[in-house]
Structures are given as C-alpha cells and as structure tokens.
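First subunit A sits with subunit B, and in the next complex the same chain sits with subunit C.
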Partner chain A sequence: MMLQTDIAVIGAGPAGANAALAAARQGFSVMLLDEQPLPGGQVWRAKSTAILDAPATPEGDAGDRLRQSVKRSSVTYAGDARVWQIEPVEGAWQLHMLKGGRTAPLRARALVIATGAREFVQPVPGWTTPGVLGLAGATALFKQELALPGKRIIVSGTGPLVFYVAAEIRRLGGEVAAVVTPNSQGDWLRVLPAMLPRPDLLMRGARWIADLMASGVPIHWRHAVTRVEGGSRVRGVGFRKLAPDWSPIGTSQGLEGDSLCLGNGLIPAVEAAQLAGVALAYHPELGGWVPRHDEDGATDVPGVFICGDSAGIRGAAAAEIHGRLAGLCAAQHLGADTRKERKQLRPIHARAARFGTTMTALSIPRAGLAQLTTEETVICRCESLTRSAIAAEIAGGARSSNAVKSGLRAGMGACGGKFCQTTVARMIAAADGRAEADVPPPTPRPPLRPVPVSVLAGDFEYSDLPIPKPAPL
Partner chain B sequence: MTRIYDIAVIGGGIMGCACALRVAEGGMLPIVLDQGDLGQGASGVNAGTLSLQIKRVRLMPYALKGHHEWARMGNAVGFHKTGGYTLAFTEHEAELLYERQRLKAEAGAPISFVSAQTLRKAEPGLTQKVVAASYCPEDGYANSSLTGQYYRRRLQDQSISYHERCPVTAVDHDSNGFTLATPIGPVRARRLLLAAGAWLRPVAALLGVDLPVRARVNTVSVTGRMPPLVSTVIGHATGLLTMKQKANGTVLVGGGWQGRGTPQAGRGQVTAETVVPNLALAQYALPGLGNARVLRSWTGFEANVPDFYPLAGALPGVENAFVLGCVRGGYTIGPYIGRLMGDFILSREPELPLFDPARNFDEEAT
Partner chain C sequence: MRLVPDHSGRIRRSALVEFTFDDAPVKGHAGESLAVALIRAGHLHLRDAPEDGAPRGAFCCMGLCQECVIGIDGLAVESCREIVAPGLVVTSFRGRA
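Entry: the complex of A and B
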C-alpha cells in the first residue's frame, strides 16, 4: 500500500520544518522527511542520544523548540528517511525514500523542497589530508557528538562561521591555534549597519571575537591557508596574506596544529529541485546556481515549492520564514487561501534575508581565491584528479561540466560531484572567457543519495519481474 | 567568412563524427555542428556493450566489422574484449536463446552454447539458476563516456572544423547548396548529412522531409567500486540486461528499460518503475551485486524507425542531402557504418550495402 499525503516536505531544517507546520495549520496532511533522525537541519542539528545531558546552547534550544512544535503538530515526521528519487506521476509527485533498509514510495499532491546547503572548499595543496574537515562540517560534529577534530586546531575560512567554529572549539575545551580568514576587519565594519536589525546576533559575534582576542588566539585577517603540511595526518599549515581580490601575495608563514577546519561559504543543494524539473538560475550573491523561484518559494513547476538555503543562501533566520511562506504557498496550490498571511510574512522575510545575504556576501570567495588551487592540487577527490589534469581536458576542448565529467570522470564518483563541480565550472568559464552563468552544473540524475542494489531490488521472485517483450531479432 | 564547406554534418555523435572523418580522408572539407557537446547524445551515455549476441541478424556483418574498428581505437575509448555470456533463467527464455543465437551464429558471429559447468567455472559469481547460456569470445565493451573526448581529438588532429553548443535551427537550399542558420551565423555547404540521432525527425523537417523516427528512452545505471564480481560482459536472453564490471571496479547495468521524456524536452528521466526491476534482474544474475551501491542512473535517447533497420543513404527528395542514424546497436556499428556512409558520399562503392531511407517502413514481425 502506497503512502499518500497532501504535501511532502523534503528536509526538516528551519525551512522545511516551518513549511510543514504552516501547511499543516491550513488543514492539510503533511509528511516531513529528513535523512537525519530528528528535525533541526544543519543549524539546529540534534545531539546524538549519547550526549543528551550536555550543556544547552542557543542552537540546541532553538532546535528543541522546533522539535517540540513538530511533535505537537499534525505533521507526520519521518526521520532517517533519505529521498533518492522524485518523479511526477499522474498529476502528483512520487518520492522514493530509503528508510529502515527498504525503499518505499510516497505520493504527494504538492512538494516542498528544503534540502539546505553544502559547503564549498577552495582546494589547496594537502586539503585531502586526514585531519582536515569543513568548517560547516565541524559544526555538525560539535552539535551532534560534542567532539573535536583534534587538540590544536587551525580554523580557516570566510564569513561568520569561522568565528563560530573557533568559539565552539574553545567552549568544548579545545585549543584554537589561530583563526585565518580572507575577510578583513574593514569587510566586517562595512556590514555592521546591515547587522544592526539583529543586535542579538551582532552581540554574539562580537563576543566570539572579543573572547578569541582576550585569550590571545591570533586572528590573521585577510589571510588564507595556502597549503596543508603532513602526509598521513595534519601537522600544520602554510598561510599567506591576500590582495583585495583574495589572490595570495606575500611570503608564506607557518602554523602548527593537528587539524584544520576549512571552508569558503555555502552552496545551495539544488539536486532535489533539479530532479523535480525546476530550472536553475545563476545568482552569485545567493551562493551560485539556485532553483528559479518567486519570493514565496513557488517554482516554475506547478506544485513544487522551494525554501531555505536550497533556494539561495540567506541563513537560518530567513529560512524559518521562507519555509512558512513556501508551506503556505503549497497550501494555496491545494485550495487554501493564504494570501493575507503571506503578505504579512514577506517584509519579515525580506528583512531576515537582507541580514542573511550580507553574511553570505562575506562568505563568498572572491575571484583571486581560485589561485590557491595549484596545478598539482587534487580537485576531484573521488577520482584523485589534479587541477592540471582538469585544465588539460578543458584545453583539449571539453567546454561544459558534462564534457569534463565524461572525459575524466570528475564528478562521477560517490560524492556525485558535490566537491569538485563548482571548481571545475569556474575553471571552464575562466579558460573559455565565458561567464560562470554560462557553465551550468551537470545533468541531475537519481539517486540523490547512493542506494544499495539489494535495497532497491527488495525481496522478489524471478516471475515478479515485469520483463518486457524482447527486441526484434 | 563565406567559406563553403563540402559537407555540413548536423549532429556530432558517433555517426556524424565517424562519417566526417571518412569524407575528410577522401579529400572533402567537412564541418560538424552539434547543439550540445560532441558525443553527449546517445553516443556518450550508452551502456558501451560491444556484443554480437545482441545484434540483429541482418546487421551481423556490420557488427563484426565494427568490432575491428573498436579494437583499433583501443585504449583511447576504453576498449576491452572480454568475451560475453548470455543467460536464460527459464525454459521459455532458453528456447528464445537457442533460436536467436543459432541464427546469429549462422550470420557469422562465433557464438556457442555452454554447459552450466563451464559457465560456473568461468564466472563463479553468477547465479546457479541459469537454465541455458551462450558464449561469444568477440564480445566486450568500451567506455562511451569517452566518445566526445575521442572524437574531439580525432577531428582536431585532422583539422576538421566543429562547433559545439551550436544548434542548427533552419536550413535553406538552392542549386549552390545549403545554408544553415546557427548561433555562429550562417554556415554554407554543398552537401548535408543529417546525423542528429533521436532528433532526426525535427531536423529533417527543416528540409520539409518527414522521417518516421521515434525515440526510445533507455536507462543505464552505475554502481560504486566493487571487488571483482564478473569478468565478462553478461546479457539476458531477452536482451533486457547488459552488465559489465569496469577495470575500476564499477558495474554498469543496462538493457534498454524505458525511462520517460522526449528528445525535444531535455535529457529524459529515469523512473523507479523500470530502473528497479532492471537492477533486480542484474542482482538475480549476479547475486554479489546486491551489496553494490547505485551511484547514478540515467537515460539516453535511442532512435529507430518502424522496421528497426538503419537510415543510411540519400535523404529522399533533397539532392545532396544524406541521412545516417537509427542503427540498432549503433554504438558498436557506428564507427564502421559511418565509414560506409562517408564512402557513399564520396561516390565510392561502400564495402557493404547501405539502408535506403526512401524504403517502405513496414513494421517487421518480431
């Protein structure tokens, strides 16, 4: 028997969970799906059961409130549910999810996509050394496991996340060797006015930085880690001063540490939207390629709505309201009248989004940062392809993401291109003198997450297989 | 920039590229135009099976010649001659297998039937539930992902002009030849080859010709790397499974299960309804595949006409225009039939006969 619901929401972060709640309040049956065990998404990721008695944090509290709201609502939450396929069937949407070692279909009349973001890391020599992890990835480790990646940690990257990560490491008892950030103090001063509407977040950020300074942690403004030392394990890094366009200048200095958190902003996770047939548009200020959508999250595909970071990096606060808008929009699609409520929400969302996109602007790498990736740096981790190998393929005439992928397998590995695709597309654009907007990501294909063959096959008898009539002789 | 090419080729798949190379060898000046990238249509996404056991009887001589072409291209296209087994799991399939493979053997393919014992020895990873099996030592595979890279290099080496992301949107013709509307401006040529694969119908329509070309939406899947599971190309008596493990350990599963979509609307979509039984059949044949993770499934458009034989010859009603496509097993046969087509355009006698596009397309009984 197939599961049915009015509205299916993929992703239970601040965006998806609020979309589900808003739609459910309109009287629709809503199923909220996430591959994590509990709602919360990235920013409000739940603690693993082993550490439930750990001290409270603002993220944890907000997450707990959200989890309570979902629990008390009529929303049906399916955790540990990985959506691997999305297809239109008879005027509805059919999702296929992997749950409890089986795959099950779910049919929905409308679909809200809230799959969040992933991290961009500009590859530098040695970035694949064990002991290097993403800045955002590190926050997941802190929130879920209260674990640290090492004892003496170098924290490097763009935007506010670098300071949040450094502060969390200290709170959890680790040593921060140094903070290295391509942003200058001037960059931060310039965004202060835009932060004023959120004094709480402003204060929190200021406290992180003050605390780091007071405890003598060096902050290297307008610098970047340019190489990672150590073969089988991080021993330290080299870092250099950056020009205003973030190209490396000046001599290399060294830092010792046993691990490195490294990240350069977020990229919307658009694959689910692409599978549902939503076209992409290039918006560098929102993190790159984003599914085309209007301010309420309606896409060009009837019945498909998108919100939160997967619609463009606008941050957690905006994601909550964007989620409500998209949930109400989905309800409208199914016959409810939600125009008034959406009208009220729009200015609130716009304000939150202004704050969020200001932070995004600080996080987005400037053009010169690409120079950190030297000829011999591995770009595609799955296939161990260096920049020079990819450059040679492009010089040989491969002038699209699909062509580079075909010729070299860059992006054909288990990660599905999540790590290398942005870097490769930028290289093609640069080599060809084309705009990045002219080099779209490769064609989206299922499964959204790898699925074992045996799980897809399930239990079957040979005679169950609907083998069609053979081809002509 | 009023260069007049001897021939403009619409479509940079395996057919268009192979033919362009041949006419250039014969002294003509060709230009190849593709709306996307070279070799990103069917030629770049197919399962890459080079198997005589799944070829149509009448096309066997072409497939045999095609295999020699692939052996020559070798490493550059990821060619591997592994031999291949075709399996039957029921009495009914066994009958089908005997009947079909016998005819193919008569047509020149070195196909023999093998005992369960021989099969088990050669491929211990296969299921014990095989009722009958045939073997062909000529079978193997190539890596279709490399089609674009390979032909791009060959065209460059021969200084043949090609343009990617260059759809032909209109064609004018008069006594001097053809003028093609493209994003790089008008392209002029004395002759024209339509090699637009599953898009042949709309392209021929630009010349007012109706070709009864239809498209099938074939599905292929690839798994993550696995320890060695199987060393030959595996097929199913009905043709609904092809499977091979690549040198890097990944397993490619095809068999022509149908996805959704049309060539006019994007790249087509995989549907769970067909990809799931396709993979279940693969796991039935090779139980060890159950542990493999499917990384990606995709579709491609395979063109055909109602009798499922190629279009290869003069385009009916338009002088100096030609068409090449709709070849069943067209990846295997492409490099060879492209040469034949080139010879025909060069007014040479092709080594084997072509397939007149002006014929009557009565559906053939299967």
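Entry: the complex of A and C
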C-alpha cells in the first residue's frame, strides 16, 4: 500500500497552509507536510507545550487562526515530517518523508512547494562562537519557547528584523545591549511612502524604535558587528561604521554582551524545487536564486507549483495570498476551473508583495558587507573552512559552486551548504569579475534533511502514518 | 519609559523536570526544546567542530545548521528539535573530534 493524495504541499507556513486550504476547498485530497509539530511556519511558529499561558501577540494570533483553519478543513496535516527526497514516478510525484524515526513514501498527482526561507549571515570572525544565533533563529526561540538566548543581548543585522528581535527581547524581560544595523535612518525614511499602505506595521515598527530610544538602548545606524569576542561563549563584539556601500570604515568600538543575534536578510529555500527539476533564475531583489514561476506560482515543470518566500522573499502577508493562488493553480492542473478566483486574488497579492519587497530591499546586504569576512574567518561552518582556504581553491581553478564543493567539501557538510553557499558563490563571482547571476548554487542532492542510516536500512509500518481524510463531496 | 511592556511575569510554564547533560543534572520545563533548556542552564557549548575542534552551539534554531547536535540513546539529534523529558540522558559532542 502506498500513501496517496491528489496534492501534496511541502511546508505549512502562511503560503503552504493557504495553498492546502484553497486546494481542499476545490474538493481535492490534500496532504500538508511540515517539519514542525504544528502549522505556522517560521513567521507564525506555534508555542511549545511547555507554555501554559502567555500574553497574546499578533504573530501568535495569526498562527492560531491558521492552525484552526487547517484543523477544521479536510486537509490532512502531517507534522514532524521531513521531506528528504522528491522524484517523478509513473506520472506522479513521489516524496520520501522522515516521520517518527521512519521513512515512508507518499505519492501525489500535484506538488506545491512552500519551503520558505533561510537566513543569510555574512560571516565575521568569531561568528561560530556559542551564543551567536541567527536573527531569524532567535525569533524561533521567542515564538516557540518565549525564551531568550542570554541576559544581555547584542542585536545586529539588516532590515526590520533587528527591531522586531530587540522588541521581543525587551518584551520577554531581557536586556538589549545595543542594536547595530547597516541601514541608516535615511534608508528607512526613503521607504516610508511604500509603508503607508500598512499603517499597522508602520506604527508597530515606530513603537519598537521609540521604545529603544526612550529606554536608552543605543542604536548604531550604518554600523555592523565585525568580530565576536569570547572563544567558548560570547563575551562581547567589535563593531565599526560602514560606508554607503556597507564596507567597514573607521575604528573598531567594543560592546559587552553574553549573546549576539546576527542576520542579513533571508534567502529563498529552493532545494526542494531544484530536486523537483524547477530551473532557477537570479532575482537579487527577491533574495537571490528563485525557482522560475509565473505570478500564480506555476513552474515550468507540469504539476509543480511554488509559493511564498521560497518563490522570492515577499513576506508573510503576500505569502498567504500567493499560497491561495498556487493551491488554486494546482487544482486547475487537476481539472478544476479556478481562473476567476485567481484573477481576483492577483491584485491583492501584488499589493502585499510591494510592501514585502520593500522590506526585502532594506534587508539585502550591499556589496561592501562581504569585506567583514576576513581571510581567517570560517565560512563553511561544517568543515571549518576559512575564507583564505576557499579563495585558494577558487584561485586554483574552481570556477563554480559545484567545483568548490567537490574540491574542498565546502557545502558538503551536515548543513548541506545552507550557510556557506551564498558567500562562496559571491567569492567566485568576485574573483572572475563575473555577475552573481553567472554563479548558480550547487546541484542539490538528496537527502534534503539529514536521514539516519539506521532509518534508511530499516523498514517502516504504514499504520504509523496518518491516512488522508476523504475530500468533501 | 517603556513602550514595549515586559511580559516575562505573565508567562506560565510547565513543571520543571530533571535530565542530565554529560552526567550533570539540568532542569528544564517539560515539553520545551532541549536547546532552550540547555541555554538557560548555561550550557551553550554543545559540540566541537570535527575539523578544528572549535566550540559550537545552537545557531539557526530551526533544524538546518546541525550546530546544536547532541547525543541521545546513541543517536545524533538536533537539540533545537528535541523535547525536554524527565530522566533524559543527553551527551555533548565536545572533546571527541
């Protein structure tokens, strides 16, 4: 017996969950998969069972609404499920997922990919020190556990996320040592007109910044953390003023703190789409390499649809609508007529995407930030490869992400290259004076997530898997 | 003056339970992520990088980077995706490179 569904959706954030709901409303059986226990994605991550009661937040409420919608629908949700392989089999898509310590196949007639994003962190000396977390990573602790990475926390990075993280640290009772951000106040003033259609978000952001200023927390505009001190745990950081292109200038100043949240924008998580055979296109304004897709999320591969941040960083509000579009598109592929509803959704999506891409533009690192990665800085965390080691490999003839990967194992470690490949690709491009668009990411290989050998060797029982509910008539 | 209220006093958590980390007793709230319980107890250094032995700890907090991997029942697992339970025996990957 093979687990079967009309439509499989990978990722249950605002995009994937809404894709699943939209497709299920068209009468198809839908299976929604996510590696978290509950739907919500990173942006609306659910609280753990250790939290018995806590004040409401906009993110928590939005996530609860989404989780309720999925629960009340005919969508079958499989949580704690990690998809590690995607392959075409007999005209359908076969997914292999790891769930409950076992791996099992799932066959679907159409596939919606909503794998979201991961964080880009420009490596600086000491960024591997325990106590350094990604900015987005820190929000996972806040949302899931209402916990902090330390007591006196330095917050450093680009875009609106630094201010959200700083505000959450203060809301959860921690001390923000300082906010260090490459953006200038002028950068923010320039995007104010684009933010006016979302006065709620504009006011919320203004409140975060006003709170820091009223409480005497230093905000170092147009600065970046350039090194982390401490060795086996964070003791403090050095930071420097940046030029308009974000290259470091001026003398280093010091800050004390016991942890650092560090991030420089989001990158679409495209590996699942690549495995399904979707070609990539380079769109720096959307976060880099993006699976080719039309405005409704249809890709060049029949039966494969993509939505949300994994189709380009446009933010949660746009992802909700994009998910509905992609879900309806998948339904259309299986015979439903969803053209009218999609036509109505497109302008709503375009409006939400305009706000989202404005925030993306603030978050994308400018060229000079690459200079923070010194010769001795570890770039590939898994294999402890420094910039100079990777530069030597490139100088020795490695002219592609694949060549650096096979020659040096940069990107072949446990993380699968998720935290080094962007930096490595930019080094290759810079070495040859080529455009970043000429240096695509490495060819993805399964498993998409680590799979224990014992699981691959062992067998599984179908009775451990959820059986999809029949679609409503 | 605060414009962002301090909510820390209004959060109610599950009961504390005890587990061990490299034989040292650690308390965590039942059901919370192991990485969070370890951070709260001051155990930030969870493993040594295999190539240069440098100290590492939780980084991406979403199951991608593999930096927070610890040992449970002989398996290497991500502490950000494991859950605190009473009596859990957790080992670090420090000093084993």
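In the analysis below, the second predicted complex is superposed on the first by the 457 of 473 C-alpha atoms of A that agree within 3 Å, B and C clash if a C-alpha of one lies under 4 Å from a C-alpha of the other, contacts with A are read in each partner's own complex, and residues count from 1 in each chain.
Just so it is clear, a contact is a pair of C-beta atoms (placed from the backbone, for glycine too) under 8 Å apart; a residue touches a chain by one contact, two chains touch by 3 or more.
Treat the numbers as computed from the prediction; the structure is a model and nothing was measured.
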After the superposition on A, what does A:G173 contact: first (subunit B), second (subunit C), both or neither?
second
Based on the superposed arrangement, let me know which partner A:D53 touches: subunit B (first), subunit C (second), both, or neither?
second
Where does A:R233 make contact in the superposed view: on subunit B (first), on subunit C (second), on both, or on neither?
second
Look at A:A23 in the shared chain and tell me whether it touches subunit B only, subunit C only, both, or neither; answer first, second, both or neither.
neither
Examine A:P450 and indicate which partner it touches, taking first as subunit B and second as subunit C; both and neither are also allowed.
both
Is A:A414 contacted by the first partner subunit B, the second partner subunit C, both or neither?
both
Output check: A:G134 vs subunit B and subunit C. Expected answer is one of first, second, both, neither. What do you get?
second
Looking at subunit A, does subunit C or subunit B touch more of its residues?
C
Enumerate the residues of subunit A that count as touching subunit B in its complex and touching subunit C in the other.
413-414, 450, 452, 454
Subunit A residues touching subunit B in their complex are 85, 87, 94, 96, 103, 105, 393, 396-400, 402-403, 405-407, 409, 412-414, 416, 443, 445-447, 450-454, 456-458, 460, 462, 465-473
For subunit A, which residues are in contact with subunit C within the complex?
35, 42, 48-55, 82, 118-119, 128-134, 136-138, 140-141, 144-147, 149-150, 167, 170-173, 207-208, 210-211, 214-215, 231-233, 378, 381-385, 413-415, 418-419, 449-450, 452, 454
Under the stated contact criterion, what part of subunit C meets subunit A in this complex?
1-14, 29-33, 36, 39-40, 44-46, 49-52, 54-67, 69, 75, 80-81, 83-84
Help me check something: in the complex, which residues belonging to subunit B touch subunit A?
36-40, 44, 54, 56-57, 89-90, 96, 100, 103, 129, 145-149, 152-153, 156, 164-165, 222-224, 237-240, 256-258, 260, 267, 269-272, 275-277, 279-284, 289-298, 308, 328, 364, 366
